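Order of writing sets the labels: A, B, C, D, E and F. Residues in every chain begin at 1.
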Amino acid sequence: MIEYSEASAEVRAVYDDIMATRKTDTVNNFWKALAMQPELLRRTWEGIKQVMAPGALDPLTKEMIYLAVSATNQCGYCMASHSAGARAKGMTEEMFGELMAVIGMANQTNALASGFRVPVDEQFRQ
Amino acid sequence: MIEYSEASAEVRAVYDDIMATRKTDTVNNFWKALAMQPELLRRTWEGIKQVMAPGALDPLTKEMIYLAVSATNQCGYCMASHSAGARAKGMTEEMFGELMAVIGMANQTNALASGFRVPVDEQFRQ
Amino acid sequence: MIEYSEASAEVRAVYDDIMATRKTDTVNNFWKALAMQPELLRRTWEGIKQVMAPGALDPLTKEMIYLAVSATNQCGYCMASHSAGARAKGMTEEMFGELMAVIGMANQTNALASGFRVPVDEQFRQ
Amino acid sequence: MIEYSEASAEVRAVYDDIMATRKTDTVNNFWKALAMQPELLRRTWEGIKQVMAPGALDPLTKEMIYLAVSATNQCGYCMASHSAGARAKGMTEEMFGELMAVIGMANQTNALASGFRVPVDEQFRQ
Amino acid sequence: MIEYSEASAEVRAVYDDIMATRKTDTVNNFWKALAMQPELLRRTWEGIKQVMAPGALDPLTKEMIYLAVSATNQCGYCMASHSAGARAKGMTEEMFGELMAVIGMANQTNALASGFRVPVDEQFRQ
Amino acid sequence: MIEYSEASAEVRAVYDDIMATRKTDTVNNFWKALAMQPELLRRTWEGIKQVMAPGALDPLTKEMIYLAVSATNQCGYCMASHSAGARAKGMTEEMFGELMAVIGMANQTNALASGFRVPVDEQFRQ
């Protein structure tokens, strides 16, 4: 992992933008690991910055969608960092509880739809 | 799959509740497949009904979370049925586009966090 | 996919062993696809034959474990072929229903354990 | 995580039922984490209790199916807790070894069926 | 899906670049589906174009890595399109066979490492 | 986990072959865990040895394919052991960076192809 003090100018520019965009004075480990590959760091950060910005969906909803993917993929790091992010954006304990309930139910019925090999209904075809 | 006309009273009661709750006159294939196991049908429907009801999160947000799990799990049936559900609850094309962008980005960074074996930051520990 | 009539002697030997072991006169598509790579075909069949044979676990239990993995992985082909296999070995509708209920519940709680980042209890550590 | 001593009456009722059903005097961390959401705790426990009870499949077979899903999903917590559960219900080292061999083989052939895009055989169609 | 003839100038510019880069006169369905979201289309294509270009790894190796991820995720569309891509870049039947053998083995041992909860060796720690 | 000093002759024979093949004097934890099941140990090692040997694909390419599967499956142990293996076979930091970029992109587009339910193009059908 590459710390700010030992980073190249190219990497520092990304770190600076992360801290400015997120209004914090630290860069979390995910970015420090990616910094071994400056181009991957830059492209991933620009993608995240663009995708997570307010749009037709608000930033909190986006963080909860991120959590749904991360819990499904069993990504421990991602749950840790994005649940902090979601709480910072206003996710209450009650919202987190309902989010987890939906995630759990979706994983259950995904497996059931697969296990029963349910054919797609005519009205759901594109 | 068990059609309404051939269903037992127990299964019909669930079908009736599904149609009344969703304000439709059809039951989709997922439930007809589960109806082979009346107890599994009943319990799954009651769970879904409770979990997807309005609460701290609105029903459309819940449908989008469902889609995030389903796209990640590659569940074709679930994408088909829940994208119809989300559109019926007001998801616009623009919202769907942003939803997919977040899902794609989350799957990417989940794999990167795993591949780089990023240690959890001190501030994210419970 | 390679049919018996066009197969090499090496591939035919595997096909013959599959049919003799399973007491059928057909080879299913999975093996016909693998036959493009005779060595992969041979090694995979020998592994399956050994692993699925009666042992401390009976063959039906093994087929149900196979189904649990396949439903979780959303493998349509595997659900189709191994649910036929499990039924041929005596899986009743009731057993299939309970199997699916356990698979669904396990996928649900797996996602919840991940989402809540539950630390392993002292008594469960190795 | 919510300990018994700090739990509400609603949560204590679930904890009491868990301990009575499992004939132990401790509640494991999974339930203590879910207790932040009493309704999710209650519904998940009732589902597990019903699904894992003896039926057409015996409780040990059900635990092994749970392990098959959990190993496939890479759920560390679930492997830890359910392998303890399976051993408590009589799983021997030999049974565990065969279980793991089937899980490994199924994950292998699931990927092969996907990679070769094997079409479902006529006799396996529903 | 949006065909070239009905596409906006923004979408056509991406389609043109896809066809020029790949030296073909067709755009495959993946891009036509993404075109509903012009920004997602543009960003995804630019990412793919950059990532799959020759570098420290050659394009064929990159296509095979893509196939390894796609087979593991059970993504049927991705296997179809990227196995065509890999063959166009020189993947022989023998190479495909070895690729599939490694993918199968990796999925097997991933599940075993998870199932046995193997602790990371001291020499493998970062 | 079974150490060499306490292993049976059958297990020692496998350990000896692992160390001779890999030109090291240690056996990593994965094998020590499998050694509880000597037959599973032997069969898994023989499969790995055969599959990872030089062939139409070189050993380094095979290790990177292994990493692609392991990152996708979120297998921490497998990333740790196989990234050591890949580096020992010559993977540079630059190659690792490009490998990770492809893995990340593939996981992203796999989810997008699933989420958009993209139909397979005529030219990609088998």
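Odds and ends about this structure:
The criterion applied here is as follows: contacts are C-beta pairs under 8 Å (C-beta built on N, C-alpha and C of every residue); 3 or more make two chains touch, one makes a residue touch a chain.
All values reported here derive from a predicted model rather than from experimental measurement.
Any chain touching chain D that also touches chain E appears here: A, B, C, F. Comparing the contact residues of chain A and chain C by number shows a mostly shared set, over half of all numbers used being common to the two copies.
Distance from chain B peaks, on a Cα-centroid basis, for F.
In this assembly, C is the chain whose CA centroid lies farthest from the centroid of chain A. Once the centre of each chain is set as its mean CA position, chain A and chain F turn out to be 27 Å apart.
With centres taken as mean Cα positions, chain D sits 19 Å from chain C.
Counting only residues that touch two or more partner chains, chain A has 40, 43-44, 47, 69-70, 72-76, 80, 94, 97, 99-101, 103-105, 107-112, 114, 116-117, 119. If you sketch which chains touch which, every chain touches every other chain without exception.
Against chain E, in their complex, chain B makes its touches with residues 74, 93-94, 96-97, 100-101, 104, 111, 117, 119. Residue ranges on chain E touching chain F, taken from their complex, read 26, 28-30, 33-34, 40, 44, 47-48, 51-52, 55-57, 61-62, 64-66, 68-70, 72-73, 75-78, 80-81, 84, 92, 94-95, 97-99, 101-103, 105-110, 112-114, 116-121, 123-125. For chain A in complex with chain E, the residues that touch the partner chain are 43, 47, 50. The residues of chain C lying in touch with chain A in their complex are 67, 70-72, 74-76, 79-80, 83, 99-100, 103-105, 107-112, 114-117. The part of chain E that touches chain B in the complex is made up of residues 36-37, 39-40, 43-44, 69, 73-75, 126.
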